[in-house]
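In what follows, structures are represented as structure tokens.
What follows is a pair of complexes built around chain A, which joins chain B in one and chain C in the other.
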Partner chain A sequence: MKSTEPPKTSSWMGKYRSIIFAIGLFIIFDLAVLVATFFMSQQIADDTAALNLAGRQRMLSQRIAKTIYVAETEQVSSQLSAGTLKELKNASAQFDTTQRGFSVGGAATDTAGQDLKLKPLGGATQQDLLKQIATLWVPYIALVDPLTGPIAPTAETIRKAADYSRTNSNKILDLANQLTAQFEADVKEKTNLLRIAQVVGILLALANIAYIILALIRKLRESDDLIEQRHREYTHIMATVREGLFLLNKDGTIGSQMSASFPAVLGQPAAPGMDFLSILKRLVPEKDHEAATEYIALLFGDRVKESLVASLNPLSQLELRSTEGADDMVSRFISLQFSRVKTGKEITHLLVTAQDISERVRLTQAVKDAELRAQEEIKGLLDLLELEPAVSKRFLVDTEQSLDAINEALRGAGQTRDYPSTISEIFRRVHKLKGEATVHNLTLFETLAHRFETILSELRDRPNLNGDDLLVIPPHLEDIYSRTAKLRSLAERMSSKDAHIVQSAASGHEFGYMLESLAEKVSANQKKKVRVLTDVPDFGSLPEAKATMLRDIAIQLVRNAVVHGIEDANERVMSSKTETGSIHVTLKRLDANKFEFAVRDDGRGVIPEHIRESLVKSGRYSRAEADAFDERALVMKLFEPGISTSATIDNDAGRGVGLDVVAEKVKAMGAKIRLGTRPNLFTQFNIIFAAAA
Partner chain B sequence: MRIVLAGKLPGAQIVGLARDGAQAVMMFKAHQPDAVTMDLTMPNMDGIRCIEEIMAINSDVPILVISALADKATAIAALRKGARGFLNKPFTEKQLVAALKEVISDE
Partner chain C sequence: MNKKDISEVELRVFITAVTEYFQALAGEPAQVRSAYLGADLSVPQSYDYTGLITISGNYRGCVYFSCRQVLLRRLLVCMGENDHSESNLLDAVGEVANTISGNARKHFGAALEISVPVTIHGPTESIRAAVRARPFVITIDWLGQAAIVMIDLERLV
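Our next item is the complex of A and B:
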């Protein structure tokens, strides 16, 4: 299963950590500047109020002095007014309250008449000035207070206050001026400080903003570069990857991105947006297409476990056939694999991977073939080792001689161009080899010969045979050659080195035993019950060449008798016969040099109509031609290559080669052959030959 | 299978072994198991029909289909009917236990 979640290796917190830090710093800067400005503004506001009050103190000091002088003048003229005293009282009270406020803090009223709370002045210079003012003010207020009390002041009281005022009023004014100037300097200093703080704060904030912007731009560029790089890499991958890759949408269409090799892997046109199942329909049988459709629907559903259904993928190995050249069919194998792609928990796509697995399939098949070949050879070796060393050695030598002869025949075909005759000759030799292999129970050679016969049979039935057609033969020939050589080498190493090649002129007993073994094996294959009775005492006295040829004839005739002559048990019982069929093999000496070899079975006999049907079936004779043959002519056709009355082809019969081999050997022996038969009673072959030419 | 599961899936208990599909459905009704393993080839009632019947009773129960791969289409049809997973025969003990764990897991 694939996931489209962002990679966990770089979280966005880590990615933008410096920017987040800068933004945090920006906020802290701004807050700090704001707080500093607030407090400094508050201080400036307080100082400005104090400055105003200090200025008022100057004015009050002058008003007090002026009022005292007015009161003195009014006293002299006996016109002292209550208004003058009241004004003096208010002025002195305001001055005194402010003076105390500056010194120890306390409530006061500002120049607008608003109540305010004064803090004690903190500066040393200011405190010093206040002390100097207090030094002058305390005696001053002590002289002024009697003037503003409930009892009317005397002229003396007023004069003393006026005298003190004339002496000290200007001093107080001067000190108040200095205090005012000091306040002005403080306000100015704090204002400058506030300005500097604001400028620095703003500059830092601007720098911070600039850093954030630059950092964001850098990050954006890095992201863009990364996206661009990934896109380039992705494009390269999709352009060069050998596998077909794409995302399959839920509606069955190919996603917007697809690897360039996909159409080549598939051998079909394919493009983003095309319906994948429609493309698939052209490649697989209807049943597989339905299974694939269901399988894809399963994967898009969330019920089944992806890992538990992968083995059911009906497209894991597809064989695609195409024609190359004239008639050559070329097979390719491709594999289509599907993986779920999820966004969150939702299955959004299937990732489809298409691979050409032809090489892998071929290698797997090659390994299987090699294993099969090795098993066959081991079995072949074991079969050979079960034989007498001399017998197995003779078989291998005979086999190699037969293969040499086949090779020679192939070479000769190039000159004579009589390809049908060449095929017949090779067929006879291969059939003889198969017969020998059957006799000795050598399954490997029997199988190899049978495969070879299948090829030969196809060639024999091919019209207008030409030299190129025969090119399929050498590989089979080479196969049997190499296996024979290998087995011979192995057998020689494993068996006695001093084994002698047995002479074909074995004893009559051995000859009879060989034919009985052959009949037993073939009848087991054919699921029939057969008994072979042999009477061949003079076989051992035959010259080797004649004995060998007679042996080949006997093998074919006994095999034919079991396969074609003897009926199966049920058929025999229906025909009032015993379940077990009998084959009699005899060799009689007719005179000093002449012998008669006979093979007789008590089977169904030769039925001319069956031969007639076989002739038509072989395609060599028309129905009219076959109908024109009399019974004798029909029976003689059995000795032609490719004519068989067997309905099926198996290891034992059906190729129509057995009697062809017999005819060839009879001719080679200079012998005469007779065939006698009666339906449902017997078939008998008699061969009369001279021991010496 | 009973022996395998007893050792490898702690807490798991086999509540019934059915001889055929019809018996499987009856036993499912009786025992209401947490999971079912099933061969597709059964006498009396084939696997597909059996899955349909079980799904009609409890559509949430996880079913693990155990069968040969000869007929993929039939196995896929079984999964379309509601089975959760497929195990190919023959299988090892390890494969069976892993498949059962997977089929009963929530993820």
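Our next item is the complex of A and C:
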């Protein structure tokens, strides 16, 4: 998953563009008003200075006239003072400097005596007034200048100046008044203009602020609406999404938002703020919990790429431990997926998605099982087709008969309520079925029988077996029934030969060959070297019922000989024997109706101590009881169900059923059985029976 | 075992419902006596009252409980009901079927659609669902009275 990025700057700018534009405008307005105020204030200050100077010109024109008249009076009384002339000089010079300053610009002094720089007046009316003043002033200064020069003025010079003054002084005063009025008007006009500019600027700024506020409020409302809408949608999603969703904090707690279905998916109470790993601890075995803790830590670290460790997720398929006891019969599977959530480059959370994948897992398992079943059936079919049609058909018929007998035993258990005996009987039948399957190399049936035996073995070991325990059997029985029926149907369809069920038992040759094949297969499984020598020419002459039972006995005895009797090659060599063990199977006719069947192996013999150990191991006898049995009694115990001297349980031995079957068959045949053995030399079973009852 | 086959655990769902029902009612649970495969759906003639539910959805078939009248009479007594009329006997056997239905629904969830119980007095020859060649038969015993639970069901998914 991609990390969550903050909104891009461009989009952020776009969102608030109008407000930013308005704020910019506001600043521009303020700056414009500021600049205009500054500029106009400067102008007003300049104009005010000019106004003052114009007012001073008005005063100076009168002072010049007055000084000239004083000088004229003093001249008449011959008392012309230097002070008067000096005053005239200063006044005229000041007037002249200001007049030039107004006209063409230049230095001047203000009314406070400070130097200032005058700019030429810009207004046409002002220039016109200045020209008129200049027209009067130029001749006037020409008449005044001689009065203030180094040479004492004559009466004539003073009179001329006084005459000109009397004629033009008031004109100059009038013009200076006009100029002053003009300046006043300018200042007033500019002051008004400044006021208007300020008012307009402030009004525009206020309007701008109002716009900004309104725009901001609108944007906020839009954002609020959007947030509200998203929150609503988000709430709906979290309330209805079927997956469990939440953000896992770095401290292992569930984030503040969590989909409502998460507790249901998990089958556990869960809420924001709870410690996720603690919840997990209740659901998974310790080993998985540790793996999950490490995986989450790995994802929060930034050393590994998320995609590389995704396949290591130990929680991608989790079988939930039931917390409701045996009542909760259906296993549930959930998947927990983790994705990094980044802010910038930092991994801040993990997005956890929890999904109930029970159905998916079940379907996958069903497909796998179906494939396995199909493969088993095909293999079973091929194995069957390898047999002679008559043999395969007989096997299937025998199997169905065995299953019928097992079912009858189950049905009968309801009446007898002797459940241990029922289980033992079923065990014998299943073991016989397995033996037949092994003889014919029918792996499927061998496996099915072995599975069945495993269940029966558990039942047999239960202390207080009751009817309720039998419930496990019918489904397995049905499984073998249905497979047998299916294979029978398939085999019949595929077999081109119009085979018929062999009514009689196999010939002596076939019987011998069958036992040799069995020994070969079992010895290969046991990794032993065994040779079977058979001498059973009269087998074909036995009635079918006896032949079938004898065949069952022979299968068990030969299997026992290979598994229990014959030692492995090393052990044999240590005992000064050949590596290959021998089993002799013979059937001798003792008289017209009597036969003796014998199976002899040159193995380790029956060792009483081994039988004692097995009796104790079976739990049926205490050590003291086992020790009390003499050798004969011990040997007889071998024929009890559930006693085996084999250390391990495999397809060939270990369940303690083989000799149990033999004993049952011997009884059914009305035969006698004898066991002869010598430690480290041989074991021989002799069965004497009558062909006809 | 084929995944579509009925497992021991599934059989127990139906059986536990019955045994616990008797336990709750009389303080004495029914005991399973045997479990085997039946040849067809018919039950011994002497089991004359039957409560049956049919199932569809993820499973298909039917389950029924059959017993003798005497068992139902004892059941009614345990319920404090002294009226042992035909309708009450049928109601009692229907109630057992209803309990099986409730337990099945609890365990298999909404994927299981279960009919209302049908109660029958007399032979069950008219039942013809038969989805299995060999339905599961479980015989039970309650206070010395025998009864039977027949499970003729197959899983579809």
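The rule is short, and it goes like this: the second predicted complex is superposed on the first by the 351 of 693 C-alpha atoms of A that agree within 3 Å, B and C clash if a C-alpha of one lies under 4 Å from a C-alpha of the other, contacts with A are read in each partner's own complex, and residues count from 1 in each chain.
Methods note: contacts are C-beta pairs under 8 Å (C-beta built on N, C-alpha and C of every residue); 3 or more make two chains touch, one makes a residue touch a chain.
Just so it is clear, the model here is predicted, and its values are computed rather than measured.
Between chain B and chain C, which one contacts more residues of chain A in the superposed model?
It is C that touches the greater number of chain A residues.
Regarding the shared-chain residue A:93, is it in contact with chain B (first), chain C (second), both, or neither?
neither
Could you look at A:470 and tell me whether it touches chain B, chain C, both or neither (first, second, both, neither)?
Touch partner of A:470: chain C, not chain B.
Tell me the contact category for A:291 with respect to chain B and chain C: first, second, both or neither.
So A:291 only meets chain B here.
Thinking of the overlay built on chain A, is A:304 touched by chain B (first), by chain C (second), by both, or by neither?
First partner only.
Given the touch rule stated above, what does A:20 touch, chain B (first), chain C (second), both, or neither?
A:20: touches no partner chain.
Just to be sure I read the superposition right, which of the two partners does A:277 touch: chain B = first, chain C = second, or both, or neither?
Neither partner.
Go through the superposed model and pick first if A:490 touches only chain B, second if only chain C, both, or neither.
In the superposition, A:490 contacts neither chain B nor chain C.
What does chain A use to touch chain C in their complex?
327, 329-330, 362-363, 365-366, 369-370, 373, 407, 410-414, 417, 466-468, 470-479, 481-482, 485
Quick one: which bits of chain B touch chain A in the complex? Just the residue numbers, please.
64, 69, 72-73, 75-77, 79-80, 82-88, 99, 102-103, 105
Quick one: in the complex, what on chain A touches chain B?
Within the complex, chain A contacts chain B at residues 287, 290-291, 294-295, 297-298, 303-305, 307-309, 311-314.
Going by the contact rule at the top, pick out the chain C residues touching chain A in the complex.
For chain C paired with chain A, touching residues are 1-13, 15, 31-37, 107-108, 132-134, 136-140, 146, 157.
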